[in-house]
Amino acid sequence: MFKLLFVFAVLILSSNASVQDFCVADLKGPESPAGYSCKSVTKVTVNDFVFSGLSAAGNTSNIIKASVSPAFAAQFPGLNGLGLSAARLDLAPGGVVPFHTHPGASEVLLVVQGSITAAFVSSANTVYLKTIKKGELMVFPQGLLHFQVNAVGFNSVAYVFFSSSNPGLQITDFALFANDLSTKLVEATTFLDEAQIKKLKGVLGGTG
Amino acid sequence: MFKLLFVFAVLILSSNASVQDFCVADLKGPESPAGYSCKSVTKVTVNDFVFSGLSAAGNTSNIIKASVSPAFAAQFPGLNGLGLSAARLDLAPGGVVPFHTHPGASEVLLVVQGSITAAFVSSANTVYLKTIKKGELMVFPQGLLHFQVNAVGFNSVAYVFFSSSNPGLQITDFALFANDLSTKLVEATTFLDEAQIKKLKGVLGGTG
Amino acid sequence: MFKLLFVFAVLILSSNASVQDFCVADLKGPESPAGYSCKSVTKVTVNDFVFSGLSAAGNTSNIIKASVSPAFAAQFPGLNGLGLSAARLDLAPGGVVPFHTHPGASEVLLVVQGSITAAFVSSANTVYLKTIKKGELMVFPQGLLHFQVNAVGFNSVAYVFFSSSNPGLQITDFALFANDLSTKLVEATTFLDEAQIKKLKGVLGGTG
Amino acid sequence: MFKLLFVFAVLILSSNASVQDFCVADLKGPESPAGYSCKSVTKVTVNDFVFSGLSAAGNTSNIIKASVSPAFAAQFPGLNGLGLSAARLDLAPGGVVPFHTHPGASEVLLVVQGSITAAFVSSANTVYLKTIKKGELMVFPQGLLHFQVNAVGFNSVAYVFFSSSNPGLQITDFALFANDLSTKLVEATTFLDEAQIKKLKGVLGGTG
Amino acid sequence: MFKLLFVFAVLILSSNASVQDFCVADLKGPESPAGYSCKSVTKVTVNDFVFSGLSAAGNTSNIIKASVSPAFAAQFPGLNGLGLSAARLDLAPGGVVPFHTHPGASEVLLVVQGSITAAFVSSANTVYLKTIKKGELMVFPQGLLHFQVNAVGFNSVAYVFFSSSNPGLQITDFALFANDLSTKLVEATTFLDEAQIKKLKGVLGGTG
Amino acid sequence: MFKLLFVFAVLILSSNASVQDFCVADLKGPESPAGYSCKSVTKVTVNDFVFSGLSAAGNTSNIIKASVSPAFAAQFPGLNGLGLSAARLDLAPGGVVPFHTHPGASEVLLVVQGSITAAFVSSANTVYLKTIKKGELMVFPQGLLHFQVNAVGFNSVAYVFFSSSNPGLQITDFALFANDLSTKLVEATTFLDEAQIKKLKGVLGGTG
């Protein structure tokens, strides 16, 4: 009797050989609108589903006194196609993650150290602003402008999670001032003064 | 024989009474994450599927010399749940639709009069810029910053179409300067100068 | 200080190198149920997001006195995966786009010249019929039979937009009479008379 | 120790009280684009998940010698929101389910008695035709025209399953001839002869 | 005149050459999160849309006196990307399909011979149990534990249909006892006794 | 000039009054398959988007020496419809979250204190097992069985995030032993011994 059941087990196991429970990203294969190609299941190991890249603090020795370390499908292949990803925020005293959006995902923020003042702005231009303490969560609906600033005099740390394995990240300042879009067009489409634009282009490496 | 077939027809017609081919928005019913409630099919007429509100030119007698007239599900109830909506852009000479995003949709623009210079900026901060003539199309991927400016010395008109019946619209200037977010926080999260922020808050009615 | 910020900018830019804001169709790569493969971002230019193929009038010197010019992902690769596509309808006097469906999308029609009588039929066999003027919109819910006919004595032009980058197009007459499905089976499954079927098969090149 | 575990069990059970594993249709509540409202979980019983309405043969004493009995969310409330539904086809000798589409779903057919000749037509007008025997499956991709005819001299029975709890059903003949669309417009948009149209309108109860 | 229409037909046919109504699985191409790559349309035949593998009874000469024969996209390539799949259950007297889940799909069961007692358990641990007769349907919401047992003294047969072309199948006993997860960890995470675990590991070929 | 721009701002603000950027759950309104009804935007405050319920440690004085505190849409209304939710795990020394599934979501786990041994089992019965340290992430694909156990001699804490605002939670032991499913049926569908089942039913409060 046991032998028969064992045979059954083997049959099920082999009939399942083609099952696609997950699609670990093969970063070298073709991409589709649904994400990266799938690595062969025979090459998948538990390490594809584990990511250690957010364990250490990011480098905050920069002008924004902050760092954003992504764990998207490109960094953490096991997430591909599963509708989730993550990032770590490190904010030194005075640290700021400037106004930005994620074009393809909503975000939940978890403060794990310190305290963070965060806000998002709705399409109706209403500001939803709050200072979040350790252990608290805040959600930022998809595609809306938001920011995070350190609310304490020591390092704050947060982890954020997204509703897509490829949420995107568009920092407004970089989109406006860190490329070759002409000062004239930036002026016309932002109402900012020419001098202000040129100053920020200078800082952020923009031309034109 | 004909009678029997007729009977069959009546049967099919009545069994279909509950069919949900569409969900015309009942703006007074409860909303769900999938959109507005459905109006009773017995009250639906062809006029729910037709929208005349974009026939006339919008008023461009304003500082941006432009107008944006939406035909989202809130204005055009027949679109509810169908994954599509529209808007009309009128751009007088010098007219500009400032930098903005649609948090929930991609957009296709069709120029029907004049010529429009448009661009979007990717997450990698690359600018995709082009002047589009009458009859040409340009696509703006979901959630990315983009703008449109009139490229000719007379009125230009475009229609845009979205991949959602409720795409949202977030104009960056309004999100930053037309609410009560404090100047200090705007400064910290945009790197703009205090004077610049105060100037635009003044123009756009912001406080704080 | 500026140098540090510039370094930060460069870091963000390179960490974003793998971002997938869009997936311009590589028509030679493998297709998936989600659409075409993505062209390498390094090869993408603004021209992938612009389409000029609908600028000129289609040829209406044919029996239906009409033409339908598609801008689906296969013609306009920048649309791939974005849930949108378009087409241009040209209708000479007496012109008709015969009864058809789009199996994978809802449609919004915009009249830009002349006037068009259009209708769709619901699953309950109700007809939603209206004559649409320049600047007006009409929506056709997914998968339902609909048609467009010129309502004026001169050329009418419309642009249509779809809720998929690959909406499909099935013209009922062609599906029934332009292939090798036997006259006997067409007769049995449409209740049309044999003579009628043979006549239309003759016109449309059907056999069997 | 057991007591503590029992307490834990009770806690979990109550914290799960708000869980939404399913959404049994409340046919009297508001509908949304995602389907019917959910019946209160406290009123749900196993009978909501079981449907006996397809056990008996449908009445084939009609002109098509066939019947289609639906088990969509409107008939089988447990299916609401689950992306599945079903129907039973009974085909007497000579029985036919005429050309039709399901605007919102793909379909799989299972023959459980007799044999059925079925076909669908692609957007490229290619016919995919096959006679299916008992125990065989055939799939019809979303929105495409298809039909089923009895292939044997006795009753055939099939069950079909859809990829939506509300697939819709549009029978081409009924859409064209069983309503008040004018003969002139049907003629213009189908190329059928006036006499043919009038004949079928007579049979199917159409006017105009 | 006929010639012109014919020309039109040819034009439409060729412009449709790139249409993607379906995506028959090419099992040798790259996989994406949305499913298998598409076989070239020119190589697709009606046989890709027909599956005969469930016509014959499965082998029930095993310890569970039952068999499950899948028709997922891997077995039935025409289903790829269409959101549907199927399986056949054969249950000899005393036959059982043990507790299992489908991680990626809801299921509808149709009894075609005999009678089957089936149940699923909700997140709130409520059991929905019923004996289903020939011609009846039962639905099992996505991801929930369920089982089927033969309710009569002769062979019962059912067909099940899923809301995904790749629903997955996880039999709880096999997940717990048919691999190398250590007895200690199974004990800690199931509360089962060590002897019970070792016994079932022995039967099902588990190690550790 | 400024006045005109201000007028424009007011117009945009009011035309946006109907915008649906988010859908904060109104727990008293009707539910749909897409989630809870939306609270009126005029009643929404930033507190709807912030959740403090996971700040404090859960009570681990129970037999599993662990607690799971959910922040699903039912607890954290701002998440409704956004495709994200969260939970906090507290694991005392020897603490265990027993084998369970989330029927409607994938999960990412972040260890914020201590160290946790976690595993999931695929449809092919392969075990993916790893001990995760503070700051590391592990992903569990949708619907698959998984568990977490404390790997250190002091309290471990983790936060988990889901790809749905309503992921569900089915603990295998509770599904099998904490309800009225008869011992005979549990025995038949799990292969467990009668004594083992009765023992666990006793512990977990099951009857039958």
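For clarity, chains are labelled A, B, C, D, E and F in written order, and residue numbers in each chain start from 1.
Criterion: a contact is a pair of C-beta atoms (placed from the backbone, for glycine too) under 8 Å apart; a residue touches a chain by one contact, two chains touch by 3 or more.
Just so we're on the same page, UniProt names per chain: A, B, C, D, E, F = Germin-like protein.
It should be emphasised that the depicted structure is a prediction, and the values quoted were computed from it without experimental measurement.
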Handout entry: Copies chain C and chain B - interface residue numbers shared by over half, same or different
Key = same
Completion exercise
dist(centroid_CA(chain C), centroid_CA(chain F)) in Å evaluates to 42
Fill in the blank from the handout: Rounded to the nearest Å, the gap between Cα centres of chain A and chain B is 26
Practice task
Compute the distance, rounded to whole Å, between the mean C-alpha positions of chain D and chain E.
Solution key: 21
Problem - Computed distance of Cα centres, chain E from chain A, in Å - result: 35
Problem - Where chain C touches two or more other chains, by residue - result: 13, 16, 19, 21, 30, 32-35, 82, 103-104, 119, 122-123, 125, 129, 141-142, 144, 168-169, 174, 178, 203
Completion exercise
Chains touch in the following pairs A-B, A-C, A-E, A-F, B-C, B-D, B-F, C-D, C-E, D-E, D-F, E-F
Problem - chain E to chain A touching residues, read off their complex - result: 27, 30-35, 61-64, 68, 70, 72, 74, 103-104, 166, 168-169, 171, 174, 178, 202-205
Exercise for the section: Under the touch definition given earlier, write down the residues of chain E that touch chain C in their complex. Expected result: 1-2, 4-10, 12-13, 15-16, 18-21, 23, 26, 29-30, 32-38, 80-82
Exercise for the section: Within their complex, state which residues of chain B touch chain A. Expected result: 96-99, 101-104, 117, 119, 121-123, 125-127, 129, 141-145, 147, 149, 168-170, 172-176, 178-181, 185, 188-193, 196, 199-200, 203
Practice task
Under the touch definition given earlier, write down the residues of chain D that touch chain E in their complex.
Solution key: 13, 16-17, 19, 21-22, 41, 45-47, 49-52, 54-56, 71, 76, 78-79, 82-86, 105-108, 110, 112, 119-120, 122-125, 128-130, 132-142, 144, 159, 161-163
